[in-house]
Amino acid sequence: MSCFTKMPNSIADLKNVVFWRDVLVEVLGTGILLTWITFSFVTFNPDHYQPNTTTLGLFVGFLVFILIETLGPYSGCHMNPAVTLGFFLNGHLSIARSIFYVIAQCSGGAGGSALVYALTPASKRHMFHAITPSADVSLAQAIGHECIFTFLLVFTALFLTLPSRKSVNPGFPLGFCVGTSIMCGGTYSGSTLNPVVALGPAVISRNFHDHWVYWVGPLCGGVVAFLLFKAITVVGDKFEKPNN
Amino acid sequence: MSCFTKMPNSIADLKNVVFWRDVLVEVLGTGILLTWITFSFVTFNPDHYQPNTTTLGLFVGFLVFILIETLGPYSGCHMNPAVTLGFFLNGHLSIARSIFYVIAQCSGGAGGSALVYALTPASKRHMFHAITPSADVSLAQAIGHECIFTFLLVFTALFLTLPSRKSVNPGFPLGFCVGTSIMCGGTYSGSTLNPVVALGPAVISRNFHDHWVYWVGPLCGGVVAFLLFKAITVVGDKFEKPNN
Amino acid sequence: MSCFTKMPNSIADLKNVVFWRDVLVEVLGTGILLTWITFSFVTFNPDHYQPNTTTLGLFVGFLVFILIETLGPYSGCHMNPAVTLGFFLNGHLSIARSIFYVIAQCSGGAGGSALVYALTPASKRHMFHAITPSADVSLAQAIGHECIFTFLLVFTALFLTLPSRKSVNPGFPLGFCVGTSIMCGGTYSGSTLNPVVALGPAVISRNFHDHWVYWVGPLCGGVVAFLLFKAITVVGDKFEKPNN
Amino acid sequence: MSCFTKMPNSIADLKNVVFWRDVLVEVLGTGILLTWITFSFVTFNPDHYQPNTTTLGLFVGFLVFILIETLGPYSGCHMNPAVTLGFFLNGHLSIARSIFYVIAQCSGGAGGSALVYALTPASKRHMFHAITPSADVSLAQAIGHECIFTFLLVFTALFLTLPSRKSVNPGFPLGFCVGTSIMCGGTYSGSTLNPVVALGPAVISRNFHDHWVYWVGPLCGGVVAFLLFKAITVVGDKFEKPNN
């Protein structure tokens, strides 16, 4: 695919101190994200008129927005293998960077959840649980749901980082891509849109049942997003004059 | 009306690949909008302290915002025949573009709802229902409500796309024109502000009872918005020096 | 006070078509604001887990934001006699403009509420009621509350329209000055922050009991905001070099 | 530490009228913040389906955002000793300014709470209470929680005020750093992220039990944030070319 002709060089990346800084930033960003999300398992109380998916959507939306604003200028602050896959397919990242980003995200995510686990007394640890599709949802439906919802996230990420969109600040819309999906479908498959968001809680609750669903769904969504993004932008590149 | 003197040429549009790309983007945008909205029929649970119109207003507001940010630079991302009518009256669109946009919106909207229908098991499909005015609201009231609420949306859209407002990002205010209207009046007529938002659920629930209300109300709102917009801007064009 | 030396000329205003356009825009903006707010009296249902002040704060916040974005470049879109008083004291408005703005706001506000009243069937009109302090709040407390909360609104409005703040878009923070005050204290005095928001419902419910509270409180808040604004900016004007 | 080489001069500060204006702005900003927060103790009613931490997170988030927008260009509008500590460590503030800011924040905070206390009739004053960790949380957990949550706030503040981030408006993300932390963990330790937010209610309820927790936790968070900020930026300063 022509998009790989401009792919950055992996060897150059691995020799660069800035590359390793970016990998550690990715660990840190994903770690903060999973610390907050795992912590909410202990504090959310649906019996106290706490409107679960509304609050969760708002709080995760704002958190993703803040992290992209803060750490985005370093590593891009993907915090999500599906986003990294989308940018890799579009030629933004070298193979080495893509692989180390996913490793960093998994380590950071598991580490963030583990930090919360360690700080929680044994008597309350039963409140941690893996994110799983709700009882009446088939696995195919959960995968379809995660795929469709992650599609919008990666699709938006690809468009908002186009050079022609420099005036737009991508953090807020991207944060609320996640937020709106949680508000819309959080009670269905869990609306992780992100394998790592499922990984952290799975690690600390030692429950990997159906965990693969949260890898297959989001990654498929990332591929679909890339293909549709390419189809739309290729027309403009060929037939439009560059705007501005 | 003088605004039509600058109307783009329909024939030139139909011969242009970019025009057809824009039509497909309109199908895609409206399709995503209706996929999310239709999906929420299955996941929203008012018995679980889910504050219906608050969550719905926030989630649709953020979704419209994200779609305008992402796809707006291509087709304008109207996703709404009433908005297309407003821009057509103001001379932004050729006749061909207006007609194909409305066809695209209807196809995309029905397609988005149908996709959710197909992915939902037969046992849960009874949760889909057409959007209808609440029981104690007369048809005239529902039309008036849809007209007034859509008026604000199209009115805002016309002002925020004026060349003198280039510094303002229209996606966020337009998204929350929809969001605020749902929060204010969602339990009354449904606050669609958009014929296509009523069309998708009507198709999959095969219930077109009172469906025309959601065409007459919003389209009237679009016409009123255009007339008031024209009345305000015409004074400035004649008597003010251009600002900046 | 020196701020009046730069006050615009009233006679010049009254002869100008653009001035009368601005007055009509003020009627329209306040009319839309009161239409939405009055409408929410009929649709809000506290029995249905509708979290009153949260939803109300969000919906009014977004509405004020949208109206300032849309109509602000014409009349300033004050929609509030307390804001007009603050800008008059700071020398932005002629005497004629200030008087006609307040008349426009009262007409628009009463008109907006009356429109909703007319469109509501007689059987539901009992749902309209004047905004009054809650039962256990003394009048002095209600005035103090309205004064403190309106203070923040006018204070913010004066700072965000300073020439040195051109890069900041004042609509969103001003909208959520109102929104945050409603969320914080809506169940106390009503958190109108605006005499006209109390006037509209008072007119249609023909209940002017304690109505003066909503004039005295907000207008005092506007005066206090101006005095503190002046105290802070005068130091910078005298002792700082102009920034940028 | 090298960051202190560029530290402003304390003596020059103390002789400057603008410095004392900034200190008074800090009193005013923290005073407004605590007035609103303390007021919400009287108006929030969890029995009335008021979703406590959601509403509180939204209302405090918007309030912090508005205050930073309005007063930030004068004193920086820290309103928080932990933020002042972070900026002091990074060399933004002289020793004198740091000390007087903390004194100003404590005075403003206590004053804001006292104002609300004075305006509340004796019969309702029992509703005021100190912010304390919830019953089943150990002090170590509460400190850890306050430390982790304040870390994100100060971390974000340090990055968003970097000269290379001039295009970003820090008020909104910083406000919602506080907002998202309240939504996530408000029912746990109280999520003050700020010693002064605990100080005001402690003063008026004369209850300083465990109050030190809200000084140790946030100040530790500020130090950790500074160290991680330094570790990330030092790599870029040494190995990257300046962007833009």
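So that you can tell them apart, the chains are marked A, B, C and D in the order they are listed, and the count of residues begins at 1 in each.
By definition in this document, a residue touches a chain if its C-beta (ideal position, glycine included) is under 8 Å from a C-beta of that chain, and two chains touch if they have at least 3 such contacts.
Treat the numbers as computed from the prediction; the structure is a model and nothing was measured.
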Over half of the interface residue numbers used by both chain B and chain C, so same, or under half, so different?
different
Tell me which chain's centre, taken as the mean of its C-alpha atoms, is farthest from chain B.
D
Between chain C and its twin chain D, rotation from the CA superposition, multiple of 5 degrees
90
For the pair chain A and chain B, the C-alpha centroid-to-centroid distance in angstrom is 29
I'd like to verify one number: the distance from the centre of chain B to the centre of chain D, where each centre is the average of its C-alpha atoms, in whole angstrom.
41
Pull out every residue in chain C that's touching 2 or more other chains.
49-51, 54, 58
In the complex of these two chains, what residues of chain B are touching chain C?
46, 49-54, 57-58, 61, 136, 138, 141, 144-145, 148, 152, 155-156, 159-160, 164-165, 167-168, 173, 176-177, 179-181, 183-188, 228, 232, 235-236, 238-240, 243
What part of chain A is in contact with chain D in the complex they form?
16-18, 21, 24-25, 28, 32, 35-36, 39-40, 42-43, 45, 48-51, 54-55, 58-59, 62-63, 65-66, 69-71, 73-74, 119-121, 124, 169, 171
